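My structure is below; once you've seen it, I'll send some questions.
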Amino acid sequence: MTNPPLVETRELSVHFGGLKAVNHVNFSVCDGELRCLIGPNGAGKTTFFRLLTGVHAPTSGTVKINGRSIAGLQTHQIAKLGVGIKTQIPSLFDNLSVHENIWLSARRNHGRAAANQIADRVITEEVGLGEYANTEASKLSHGQRQWVELGVVLAQRPKLILLDEPAAGMTGSDMEKTAELIKRINRSSAMIVVEHDMEFIKRIAKTVTVFNRGEVLVESDVDTVLADERVREVYLGKRMGQRHDIGA
Amino acid sequence: MIGSRNYWPIAAAVIAALSAIVVLPAIYDEYSLLQLTIYAILSVLALSLAFIWGYGGILSFGHAVFFGLGAYSYAIGAINFGETTIALLLSMVIPGLFAAALGYFLFYGRISDVYLGAITLTVTLIFFNLASSTSGPEYRVGRVPLGGFNGIPSIPQLNVPGFPDWTLSTTELFALSVATLALVYIGLRLLINSDFGRIVVAIKENEVRAELLGYDARKYKLVTFVIGGAIAGLAGCLFANWGGFTSPAVFALGQSVQIIIWVVVGGVGTLAGPVIGCVLIQWLTNSLASLNTVNNNLIMGGILVVVVLMLPQGLVPTIARLARGRRPVQRLDAATKGLGGASTKSEARA
Amino acid sequence: MSMNRRDFLKTAVISSAAIALSPGVVGNALAATDILVGSIHDLSGGLDAYGKPMQDAMVLAAEEINAAGGLLGRPLKIVTKDPQSSMQQYAQLAQELALRDKVAVLHGGITSASREVIRPIMRKTNTLYFYNTQYEGGVCDRNTFCTGQTPAQNLATAVPDIMGRWGKKIYIVAADYNYGQIVSQWVKKYALENGGNILSIDYFPLDVTEFGPTVQKIQAANPDFVFSALVGGAHLSFYRQWAAAGLKGKIPMASSTFSHGQEHVVLNASESDGILVSGNYFPSIDNPANKAFTGAWAKRFGADYPYITELAAATYQGMHLWAKGVSKAGTLDRTQVLEALESGISFDGPTGRVSIDPATHHCTMDIRLGEVKDKKWSVCETWPQRAPLDTSSVCDLIKSPNENQQFVIKI
Amino acid sequence: MDYLIAVGLEVVSGIASLVLISIGLAVVFGMMKVINLAHGEFLMMGGYATITAANAGVNIWVSILLIAPLVVGLIGLIVERFVIRRLYGRVIDTMLATWGLSLLFIGLATTVFGNTTAGISSPLGPVNIGHVGVSAYKFFIVAVALAVIVALYSLFKLSRFGLVARATMQNAAMSSALGVEPPRVYAATFAIGSALAGLAGGVLAPITGVVPSLGAAFVAKAFITVIGGGSTVLVGTLSASGIFATVNQLASFATTPVIGEVALLGSAIILLRLLPHGITGRFFKGRI
């Protein structure tokens, strides 16, 4: 027998009034995987992401992380299961320095003895922000703030990392660096990345799950998915027709 | 900003307190000592809110509840037991326990923001109403009638633990109050500099992020709240000692407002600021009492409006900024200091 | 490093500045010949309707004494403090008057709470203290003189008299604090002793303004009359809501507190006419001392002065009693003034003769029943020279001069 | 039976008073997310405006229904211009500044009017329900509360100003792109809230009397009612007032006014624990 999947959802649904934002989704991610979630606006991927992080409670179905149901768990308890989460808009301790931000993460997960050392390594080697270590987070550029948050998540040394649109608002070299960073992180942690930007997906993705109308449309490797007719249809069709992103 | 890890402020506090205790009784008359005593006691109260609001991010509109509970607990304990050591402990334990219960209700119910303000305000009004309606002879704890609106008079002075007959003189109460102020200041400074303190500040900065890292924000807020409540209770005990009375006025909305004003005027997010704010405002209130020409409310209200509009950070941070010449790099400088490391590079860059 | 030292200096400088600034900024530059008299009354905050006339009475009495050559050849100077209805301020200002200004005597305090804050401070600092307010009785402290009336003094005669006029079923509404509670118990005692019946006693915190449910409850109980021991501006609403519900003409009302807060000045005649008040002073009292007093008052503070309250009259008499004590002792020395005051000093003031009872340090005085009509008081009964029976049942300072407490009198 | 009707009337008029006391604060908070802690003093000034006008010979109804809201609405405009406007988006700072204003107004009123309770007597006599006399003025209070609710509903839901106001509160940038001047809308909304407070003060003046410190008794109740009501201004205020005033009046009848007050406060705490964002949900700006 192999280990149970790191994340597993069974018949997961959440309904907001009459709207079936996520409907009977069966989904799993194993150790070391890098999974991208895509889909048109309103497909339910962000809502699904929030179900995984415990922000929304499911109407029915279960989410298991590391074999353990997260029903009723608080955010911090989910974090303690070894899940690192990066939200869409960078969420940092704005008035604290980069070092302090990352130290707080290392301190929680590795104790005070190791915290400084881990924080230093993450800052200088892994996210490459050494020269900003003592800069207040609020003073950094948007891209830098995204990387700091990646660093914060990294310093947890989680088994699983959930990233919500890590490349949002980035262009060119910033996006390049982010993609590199994600690949590097993936060497030690499994990842689920919700992303809009097809260009970015092409750079990082291995397996892709496509959402549409709250359900899983296709799940396959990136080239197959991109070649799939149905995916093109929902993507192009929906892009024009529907303007609201229900999940976000 | 997370507190600095240098210990000069602590050394300064020790020296200031020791010299105050040694020198002032020699040069001031009894009246001035009593005045200084009340300033020191209320400064302890100011520190307790400075901690939970400025560092814990919890703005309670009913902070006076803990102060009042401390005063009443001490009064009831001291009159019942005769010896005051247990009463002194009670004055911290009971407000602390109440803070734990209230904090559990608030933080584990995920109540924050104006809703927290509304509930704490309501709680203090309930205490005020209940305490005010205990004037009947049936309301007594042990042999102490609660006294309703009139409160409890003739509260015994603290005695040296184990020596019921050695009650504190004016000078000794002064020394005790100043020492308490210094100790509370030092204790809070150490706490803020500790890992616990850094986490508390981080939760204030971004609660969601802290939770995502696995910190149970509710727990940290609760502990912060309990510490603040216990310190406020201690201030209440000293207050009951100073005046020898306590009345429901300690629970009044005005008392809670006053504490907030001290902190706002001095500077939220500092410890020295609220102490200075407290002393300034108290001194002003006192001076106005002898003037009889200008209405006190007029002045206090004016000060609060002007401070919020003109000095939104409060006196101490504003003065500190002016003293540093308002160079923008100084904020970075402060950030650097926060980590105890130096990085001249980042200064140059920003 | 330089930053650290600067931090240190900053903290040190600020602390020392705070220490140095706080006390003694205001120096005292008074002529050594003035006799300082402390006056501490609420001149702002919720009780100033009570405090202001008392303060004015202090001034008037001092000016009269000064006009007559002062005391011991020295002029009086009133040192006025306004505690703003805050107990903490009461404590601070009483300390200041006693320790810094070293006043010869302190007059003041309105509520019992404020008196119990002031009294221990005065005793500790050996400063003579006069409390000039009607209160619930029981204070027993050789350093303190209470010149206002107490419940037994006032109600023993008034309650039976009012019952004779209106009937035996009484509904009591009272302020929810010590005074209201105790007065209600005295009313109850005298009512029961005279065959009366108390339907209910309702207590109201001092800040209650909404009496709708109470008005309905009283109607449902249908008493012969209502006895009110309500206090303060907020409770004024009761009389108004009572009249608005049309009960003014139906159920009569008596009170021991009405008029002390100038209630009848604020209410209009149709809301207040016919209310009976048992008390010690009404401006219409017909005796030479009162004529002189009201004349002097009008001259000093204007003929349109709202109302000279009982507390103001008591304060005025308190000042004169103290002055007589000092004159008799021939010195300001506290012990000798105390002895002089205990020697049976009395003063013929606007309320008639007031004499200090040596055993209780309370006063024997005339008690009256007044009726308000058109915002003016007429005196319908006078019971001369009533002794402070309640306090004297528990307090004897001649036997035990070291007594220092407020007794709760068993009613 | 007569007594029960009288009790019922006390409850209804209690609800109406609470609605009047709170509605101005609810409008300002609900629409602008500004908590005006000087709200109680706005009531107090409405009371003084009414009494001063009535004593100067103005018709009592004009003083209550017109002069009080006008005067306080104007004061609101000034306050908005010089204080509130500088603090938009800073909820706590606004609360502190308005708290300062509250003290300032108390001081001003004390200086101008003195501290003695001022009042006018109730302009309507008693009416009898069976054998029980009640003040006819209570019916007037209920009528004013109803009129205010209808007027507010029409203003915000049916008028052009209401549409513009709600749009501005929800998205100022968008509506300014459409040619609306958000500052004007804010000022107008704050003035309306203030005027409502003034009206409440005017209406209550004959029954409570007016002292400079009058506001303190009301602001906490209004604050709790508004927070307890939640996001939707009218429904929230009505439902919270309904619950709190009923609890308060019934407890007062059964026991004492103190217990009534404590019951009100206690029910507020329980309500906020069960519904952490009030009866009608979390606050978003601009819902009426």
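By letter and in written order, the chains are A, B, C and D; residue numbering begins at 1 in each of them.
Following the convention adopted for this analysis, a residue touches a chain if its C-beta (ideal position, glycine included) is under 8 Å from a C-beta of that chain, and two chains touch if they have at least 3 such contacts.
Computed from a predicted model, the values in this text were never measured in an experiment.
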State which chains count as neighbours of subunit A and simultaneously of subunit D. B
Nearest chain to the global Cα centroid? B
Mind checking the centre-to-centre distance between subunit A and subunit B? Centres are C-alpha means, answer in whole Å. 43
Would you kindly tell me how far, in whole Å, the mean C-alpha position of subunit D lies from that of subunit B? 33
If you average the CA atoms of subunit B and of subunit C, how many Å lie between those two points? 35
Please work out the Cα centroid separation of subunit A and subunit C, and write it as a whole number of Å. 73
Multi-chain touching residues of subunit C, meaning two or more other chains, are 44, 176, 203, 205
Where subunit B touches two or more other chains at once, by residue number: 129, 132-133, 295-297
Residue numbers of subunit D (touch at least two other chains): 110, 216, 256, 258, 261
Which two-chain combinations qualify as touching? A-B, B-C, B-D, C-D
Touching residues of subunit B toward subunit C in the complex: what are they? 4, 6, 8-9, 11-13, 15-16, 20, 24, 28-32, 34-36, 38-39, 129, 132-133, 135-137, 145, 147-151, 153-154, 239, 242-245, 247, 249, 272, 275-276, 279, 283, 285-287, 289-290, 292, 295-297, 320, 323, 333, 337
Which stretch or stretches of subunit D touch subunit C in the complex? 3, 6-7, 10, 13-14, 17, 110, 114-119, 121-122, 124-128, 132-135, 137-138, 206-209, 211, 213, 216-217, 249, 252-253, 256-258, 260-261
The residues of subunit A that touch subunit B in their complex are 53, 74-77, 79-80, 84-85, 87, 91-97, 99-100, 103-105, 107-109, 112, 131-136, 139, 152, 156
Listed in rising order, subunit B residues that touch subunit A in their complex are 1-2, 195, 198-199, 201-202, 205-206, 208-218, 331-332, 335-336, 338-339, 341, 343, 345-346, 349-350
Residue numbers of subunit C touching subunit D in their complex, please. 44-46, 48-49, 176, 202-205, 207-214, 216-217, 219-220, 233-234, 236-237, 240-241, 243-247, 250, 262, 265-268, 270-271, 306
